[in-house]
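By letter and in written order, the chains are A, B, C and D; residue numbering begins at 1 in each of them.
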């Protein structure tokens, strides 16, 4: 067991705080012979990187990944050797700052109080271990995970921001790559609405939550296990490990609790090549914890960041009552940059189950 | 890693299928010196037991637990010795039956197809490993878990059934123990509405989903970890491992995605004994993955069972198109009996974190 | 992590004490589609069973295994379904006895004192969790493990007893199955010497240690990992987990520390089918933690049981000085029955690595 | 599970190859509030560092540790925060070299062939992942582990080299720190003998093995578990994970197999403060897998390095027969520098069990 590791056969350990010299991860159990380039890892990191629009934090971090082990050069690409892959990202933009006040006060909605309750000591600089920076290391690991399952494609999109939602009728995966899309929304028509909305939130010194949807296509049937190694369970656990996530669902999720059995269960007809053809995908591609071959669909809710300019009531380490205002460079909607992070966590969960399935059954 | 084990220091391994001789679990890592009685375990099992009202399956199982190891008699009670506690429940009511059709056909919404895709072999009798019977072993383990954290009380309630919801203004924990309450609802006024509704569902040969809320009080601050050992992550994973669960949330959950930062973050004032007094509990008792000392609140969505009398389109093992009707003794709303199961899974997650926290920090 | 589980993908959890109703194990992660019979498991158990000659304990236990889950009948054999296999063995011969003295006194060389130091409570009946009976469950699990790696054969032999050693020139594997061989010795000429020797030990109210050698043939090259998942490391850990084992070695073991590099390193020549032909096997079939394709060779040292009739100085729970004599039915050389146990533990380690290797690399 | 991680609650993941940019480790689960200095870590690393006498490899590596996470400055010392501690050591002396021949030929006694058999790809530069350099990261982790158990002191010594042994009557722990002692021998009189012997070995282009003894004092009674979490089992597994180790024993080890029960079992008398006073320590401080409070004693056998100048018969990747001579800067007795490594691995095993014991029982 470990508090800083996830996965079983495709296993990721992350380390680092916001204001130390670096952050990083070690990916253990990666199959040998996987070809990739540093540029591929970097491309995923760049999607998560701060400072790319006025809607995300202005902290300037190049997030340049260094690969320190576990690979050999093989012509133009790197190839994994089967030994642990250590990746490191330096912290560059650590603005010097007086932390005196933050060190003593518990910001509402943050982990300040609970860290002190647990550890008795706390790295208060920039959120310490709970900094959103840590998620860069997940994205790097996820970029490798995407290579493990042949044919798998994992994509994500922001589907609501605060009380505003996309129109699913407009869903266009290609729009995710549009430079005019600062929100990871799949609905081109939603951009201006989200932009106006978020400008208002930002100017009010507030913040807002979001819901993200992740879709994994090309996942073979058979991954997962009936009870405590359910594929959906591990996807949910991986998503819940992202900071600020307060809920996760698979397929139609909570909606399933409101409907009848005959509406919910996905019917089957004969498909191609002996595989079933499902007539719907309410199950989100997973039945009894095991993948069906349909697209895997997961959604997660991100709370609004608690780092806001609006004064809030709190206490300090000595128990005295204080008022807290969190200045600094914060995302008004941390859910936006959560999209590539969610993709990475889902990719890691599926890659891990792919190897576990291959281990137990010899298939895959 | 294991597909049939959960927990790290308080560790539960379950085994067994619906129609074998027995089901059971092994609880490893239980602290020595915990006193309990077999009657306490049985009392929790009896809450989950089928056949207690017309709203649940009529399978008649006494669900009598046998404790085979890990304890010594100490006067009137048993006391744990620190070695693994093996508990066994015999399968009694295995109605003899012709499984020919079920063995060949994939029931929509069930794991039949995915089992075959994964394993190539499948115990088709009564759902096999995916049978709801397996959850009895979780309840037995949970009864021990409740003993680990001094002062902890874990309770659950059904808060919605299909499109019907309770009125939270009527919440009465005591009503959970009322013999006139076959639904684990905390709202006395909801009983007749739920009864009428579910009678209709049952008579229509259909089924319906539900949402369950679990509340754990008396959990000390400091349990959990910032990232991959978050208390909320492990609670969600434990709940997602229950059959038919499609979504999980903590505190206000998905609602957090719709509101602003100043509404969401729970403010603090000076409390008694140096502990903070929180002015709300949107966080559900967990910040940054670590307990705050407030009640832990989790909710999960249970889909309607797919075992319904309404004919559904499907295929058989050879890919031929068939129609499936699932006869037999099924719960029209499996969410009802999920209440004690959810309690057990939350209790196990917290007990495990209590020991992990004590291991790392020496506190607790 | 777990104190009562070993293995990662082929994973065995054992439970039970000497004087409870039963002992047992749960084997998780077994591949589906493995065919076996109950008689095969029983045959291995019978080799370990007490009471078969005057040289082992006279406790009379049929050690009849019950298989409770994880299998389906398939014609004449059972077939694994991929779900956990629970096996149970009842404790039959629990001679009623007054444990008053043993409950209070610490037997030298036993775990009595350390159990109390750790747990504060102790099942003093028949050694409790440390009873040699527990090893029956390992043998049952090992019987399944033997089925995992195609072509693998794991055999063991006693090579020394106290100061007496076999003559390796006489090694005859077939003699292990000879009913006239109560010692698991591979040297037919050693039987009378061992018999005389052990009769003397027994009559003197003493006991004696032994060294066991385990050989696994048919293990493909490539199992294991360079550092913390070394195949030899896991074999040694599995053997060290057997009660009374005080040392383990691989290949020529401690002898390697005494010789020169050119004597030690096994030279290679071209072999059949592209495989190397090794000119010796000092390495015991493992280089850099990974199997070479040569036979795996491990040895372990079993101490003499501390349950002897000779009076020994000790203390009781209150610290008072006492003299201890251990009456009862004890093996004068517990190393004898350790042979099938050692085989089982080596088979489990290799089966686990076979699945791990297949998971990471897709080979096997 | 992981191939590059050891420990459960005090958990060490290592990464890196001999000829990449760096090697390192991540220590997870370290208790918060542990004070240490970088100089303390460095002091342990310096004991293992190559190039300090003519008897070890002349590779010149400063082995300077960088601590990247998990600590805060607290006055003159660092203090752990409870989050993962990442430590990195740059590879400096990577002599440029033509690896053409080594890349194609399998060195006898090395992991070259098995790496290819397992992974199909191999980092042949300087031993890759199997390089002795990796052990520096263990020593760094061990330096932290030494801080976990209050009062624990872990020391090691070389007790034999090839056929030469120390005289235990001369044992002097202080001599380990003597600058005139290049062998980690505790016997001052052995130095000249070992020096002459090893000069001969080196000049002959050969190498030689060694036996190392590790003693851990100040370990409280109660650490470990009866069966699969035995303290001796985990110590042995940790030691077996060191490259070139072929055997491990606890207490009198293999000698226990040769003697009688009454000689072997350590008798007890009343001691101070209610603790037993043992009259001998054949058990090596562990009974039934649990520490007794006596010094823990473990020994391990290191084979002679297979990197020797003497030509040896082997094959290349294509199966052709070749002759191999390993030039380069190699230790004629790798066992010498194994002393601080063994200490580190034993310290890690005990620290881990200290936390596990505290987690389960609340003691410690």
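Note that contacts are C-beta pairs under 8 Å (C-beta built on N, C-alpha and C of every residue); 3 or more make two chains touch, one makes a residue touch a chain.
Worth saying up front: this structure is predicted, and the values here are computed from it rather than measured.
Chemist: From the options C-D, B-D or A-D, choose the one that repeats interface A-B, i.e. more than half of its residue-numbered contact pairs are shared.
Modeler: C-D
Chemist: Please indicate which chain is farthest from subunit A, where distance is taken between mean Cα coordinates of the chains.
Modeler: Checked the centroid distances; the maximum from subunit A is C.
Chemist: Go ahead and note the Å separation of the Cα centroids belonging to subunit B and subunit C.
Modeler: About 38 Å separates the centre of subunit B from that of subunit C.
Chemist: Need the CA-centroid distance for the pair subunit A / subunit C, whole Å please.
Modeler: Spacing between the chain centres: roughly 46 Å.
Chemist: For subunit B, write out the residues touching at least two other chains, lowest number first.
Modeler: As it turns out, subunit B has residues touching two or more other chains at 1-5, 8-9, 14, 29, 32, 82-83, 118-120, 128-129, 226, 356, 360-361.
Chemist: In the complex, go through subunit A and note every residue touching subunit D.
Modeler: It is residues 1-5, 8-9, 11, 13-17, 20-24, 26, 28-29, 32-33, 66, 68-70, 72, 79-86, 88, 118-123, 128-129 of subunit A that touch subunit D.
Chemist: Which stretch or stretches of subunit B touch subunit A in the complex?
Modeler: Result: residues 1-6, 8-9, 14, 106-111, 113-115, 117-120, 128-130, 134, 160, 162-163, 201, 206-211, 221-230, 232-234, 236-237, 240-241, 243, 246-270, 274, 276, 279, 283-284, 286-293, 301-308, 310, 312-315, 319-321, 335, 356-357, 360-361 of subunit B touch subunit A.
Chemist: Residue numbers of subunit A touching subunit C in their complex, please.
Modeler: 1, 9, 29, 31-32, 82-83, 226, 355-356, 358-362, 364
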